[in-house]
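Order of writing sets the chain letters: A, B and C. Residues in each chain are counted from 1.
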Amino acid sequence: MSAVPASSAAHDDILAVSGLTMRFGGIVAINDLSFTARRGEISALIGPNGAGKTTVFNCITGFYKPTSGDIRLTHSDGKSYVLQSLNDFRICKVAKVARTFQNIRLFPGLTALENLMVAQHNALMRASGFTLMGLLGMPGWRTAEKAAIDLSSYWLERIGLFDRADEAAGNLPYGDQRRLEIARAMCTEPALLCLDEPAAGLNARESGELNELLLSIRDDRGASILLIEHDMSVVMEISDHVTVLDYGVKIAGGTPQQVRDDPKVIAAYLGTDEETALAVMEGDA
Amino acid sequence: MAYFSQQLINGVVLGSIYGLIAIGYTMVYGIVGMINFAHGDIFMIGGFVALITFLILVSIGLTFVPVILLLVLLVAMAMTALYGWSVERIAYRPLRHSFRLAPMLSAIGMSFALSNFAQVAQGARVKPVPPIVTGGYTLFERSGFAVQLSNIQIIVVITTLVLLALFTYLVSRTRLGRDMRACEQDQTMAALLGVDVDRTISMTFVIGAALAAVAGMMYLLYYGLVDFFMGFVAGIKAFTAAVLGGIGSLPGAMLGGLSIGLIETMWSAYFSVEYKDVAAFSILIVVLIFLPTGLLGRPEVEKV
Amino acid sequence: MGNERTPPGFAAALKKASLSAFVALILFSLMVGVRTEAGPTGQLIYWTRFGELAGLVSAVFAGSLILELLRSWFGPLDTGKFIPAAADGPLKLAQRFFPLALLIFTLIFPVIFYEKRYILDLGILVLTYVMLGWGLNVVVGLAGLLDLGYVAFYAVGAYSYALLATTFGLSFWICLPLAGILAAFWGVLLGFPVLRLKGDYLAIVTLAFGEIIRLVLINWQTLTGGPNGITGIPRPSFFGIPLTPGDDGFAARFGLEFSPTHRVVFLYYLILALALLTNWVTIRLRGLPIGRAWEAMREDEVACRALGINITTTKLTAFATGAMFGGFAGAFFATRQGFISPESFTFHESALVLAIVVLGGMGSQLGVALAALVMIGGFELFRDFEQYRMLVFGLAMVVLMVWRPRGLVGHREATVFLHHRTEISAELSREGRG
């Protein structure tokens, strides 16, 4: 487990979700949820299937408009953004929130390198003078393009795909695709990286590599990460803070250790009530 | 008011014809997920077959109109259904699991081929027929304008209603209907559960073509003419109707057909005949801006 | 016809062929066996043509028999797996040298065929469709947006030039960019309502848009001349020097003997230059963020949004760019013909250009050029059988699609590379849902 001091001055809240409610027709997917994620930390959102985790993600990243509630993101320079009132693409472009998807959404027909180049679209767009200067091949554009390729190469190396840079993303093995998607999100230079079940479908070795990658992203780049995960080995090993969701309601929050010992959490995962869960735990012990 | 009522009647009759064609589009779309561009030309073939059958029946001395109509209807439905079946076998089945644009272009090619085939086989000139069903009723008369309801209009609307009832029964109550709905949801799963997917898809084309043949015959009776090019215009209108109603939805197809029929008639009656198609297409675009999946189409939920 | 496994052999083939012939007999019995026509009194008459019917049915029988036998000897043909494997090798090789050879050939084409006016005209026609194909390729091939009304922009370009030139007397070189800009403007206008539409909804709206433009051209008589179109559109000048027999004409100025071929050759180079410009711009755009965003949008729109790409502007620029090229081609068409009417801008044209793009292999510039050559050239071969043209053309479209659903050139080239140039099989590419 990583030992990051919880009360350092640099560690303020990057994301504050308060009173988030999302209804689909008559179904309440999320009910009055509040939690925070701290800057430079890895925060996890866990819960059983159907607890509403992905819905929370979709609200944060602008794919759903929440029924009510407030999602506020604060950059390290103090600038603050109200995410639910930003258009979907502006959440990444302006508020600098990048995400990955539960079922990988790479551009399968583009190469790994091209995937990372697409992620730098906004920066490159400015550099190409909104296409015009690029069309004429101005030197400013060429420098910017080279810088973008360099950044892509850096990330390809980080995820061990440098040699396969020119292969179609759709041809890469599953585990590589997962890491490439994370690298692609990082190429947008995000303030907050949201990962939707990054370890899903990975074997133990790949999952271990993923842990290292995420920890190094946090430590080297000072990035803040919010992740949804089923795989407890990932959550427990790398998270600094865990929020537990069940039926759209927050049922616990704290360090991985605190959460692990919370009878409410165990009850939710076992699908029983608290007393039974306590009995099970005592029986275990 | 009298004028309006008359237009209403005309619009509903025209809309019924469009609706019958639109059902073919929407059914095929629901199951195979492709636009059957040749469907308008299947309708045209239906009109031609009805015309030729009618001529032969008259020349062999049949005079009792109901018998003639019934025989023409049966021959047109059967033969046009075979056209629908063949088109699917030749142009669409080999492309079933291919790239989405390939079957669409194959369908466009089939549409060109069919209309040119009719042109070559039957000549380019319009084929007029003398009115087969005549007479009608004057519903009411006001300020010198008589609202007419002709027998042929009654036949068109009643035939449409009967076919719709039969068709709804077929889709909701029979084995074939269940298979069709299953294929619509998930072809692989349906096949695993013992549904003969190929046969079901063939039947879809057959039924769609048979309905188009009825529409073709009604068109022949109502307007008294057919020509090789009528499939294109009617096809686009009916397709517009299917999309307007929400493609994949059967009640939507009928509703869309009626809407297009009414828009066209009303626009011609009150504004200008020249721009009636522009009006129909413009309203389609406006509706889709606000309801991107049509009037009765299921809203597309984006899975993220 | 079917995919059922049948024991190979003559008997099985014979059985299948008989079945096909039987189906054909029913299909053609009334449509071919009986011919109707309005008689002298206006009354419809009919006569029978059993000879033609028998001939057609036997042709189906023979054709089906041959096809079945070939299939039982060479294995399945209809899946499209057999031919591509054989054709991919040469096509790959061709990819290296072919474009250059083709370019050189197109450059010296007018020299080779200087005496053959008909072939020069055909060359111009093919190049016009190459240009249209390249223009539509931006929308359909790169951005993955299905556009069934591309001809609308061709029409806007043609009418813009015709109207500007005939009413204000502006020269071709001023009108050309204006026609492009106006077409691009209409592209954006079409783009707005269809932003949220997917797949077939997009298809019908673009189709409807094309029809609206055509119907307005027919009915707005005071502006467009209605069905009669616009005549007397100025022919292009050689950068200000008219290509006429007069004293200040091109031939006199350059000390040549006047020949009407000069104009044809000039038109040929004009459309070649325009097409090459389209190609150059498209290739450059692919390597720029906007082009990459188009391709990314084709692959996955949701992922694009998550990466901060503005889908609205990405779609609109694709529509505008494609429309602009269509507008250029339209202006050229108008100046070449000297006469335009709504008849030239029907859905057939849209379908033809779309077929060129899809047959070319979506997104492949070379493929589109080859497909234009095959389609227009093939179409021309049937010039003498005018009345069967659409029949043959339609059936050819079906056969080509069944044969190569992914088009002639079935891979895309990466726009940027670290180690080596890569070609990605089109099987991996998505085709876009828009």
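The rule we apply is simple: a residue touches a chain if its C-beta (ideal position, glycine included) is under 8 Å from a C-beta of that chain, and two chains touch if they have at least 3 such contacts.
In this text the structure is predicted, and so the values were computed from the model without any measurement.
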When the mean CA coordinate of each chain is compared with the mean CA coordinate of the whole protein, which chain is closest? C
Centroid-based (C-alpha) most distant chain relative to chain B: A
Go ahead and note the Å separation of the Cα centroids belonging to chain B and chain C. 29
Report the inter-chain centroid distance for chain A and chain B in whole angstrom, where each centroid is the mean of the CA atoms. 50
Averaged over CA atoms, how far is the centre of chain A from the centre of chain C? Could you give it in whole Å? 45
Any chance you could list the residues of chain A touching two or more other chains? 63, 101
Where chain B touches two or more other chains, by residue: 302, 304
Residue list for chain C, restricted to those that touch at least two other chains: 302
Under the touch definition given earlier, write down the residues of chain B that touch chain C in their complex. 29, 35, 45, 48-49, 51-53, 55-56, 59, 75, 79, 82-83, 86, 89-91, 93-95, 98-106, 108-123, 125-130, 232, 236, 239-240, 243, 247, 274-275, 277-278, 281-282, 284-286, 288-289, 292-294, 300, 302, 304
Would you tell me which residues of chain C are touching chain B in their complex? 1-3, 23, 26-32, 34-38, 42-44, 46, 78-80, 140, 146, 193-194, 196-201, 203-205, 207-209, 211-212, 215-216, 218-219, 302, 347-348, 351, 354-355, 358-359, 362, 387-391, 393-398, 401-402, 405-406, 431
For the complex, which residues does chain C have touching chain A? 281, 284-285, 288-290, 292-293, 295-296, 298-300, 302-311, 317, 412, 414-422, 424-426, 428-430
Provide the residue numbers of chain A that touch chain C in the complex, in ascending order. 61-63, 88-93, 98-99, 101, 105-111, 113-114, 117-122, 124-125, 128, 131, 134-135, 137, 149, 153, 156, 162-163, 165-168, 170-171, 184-185, 188
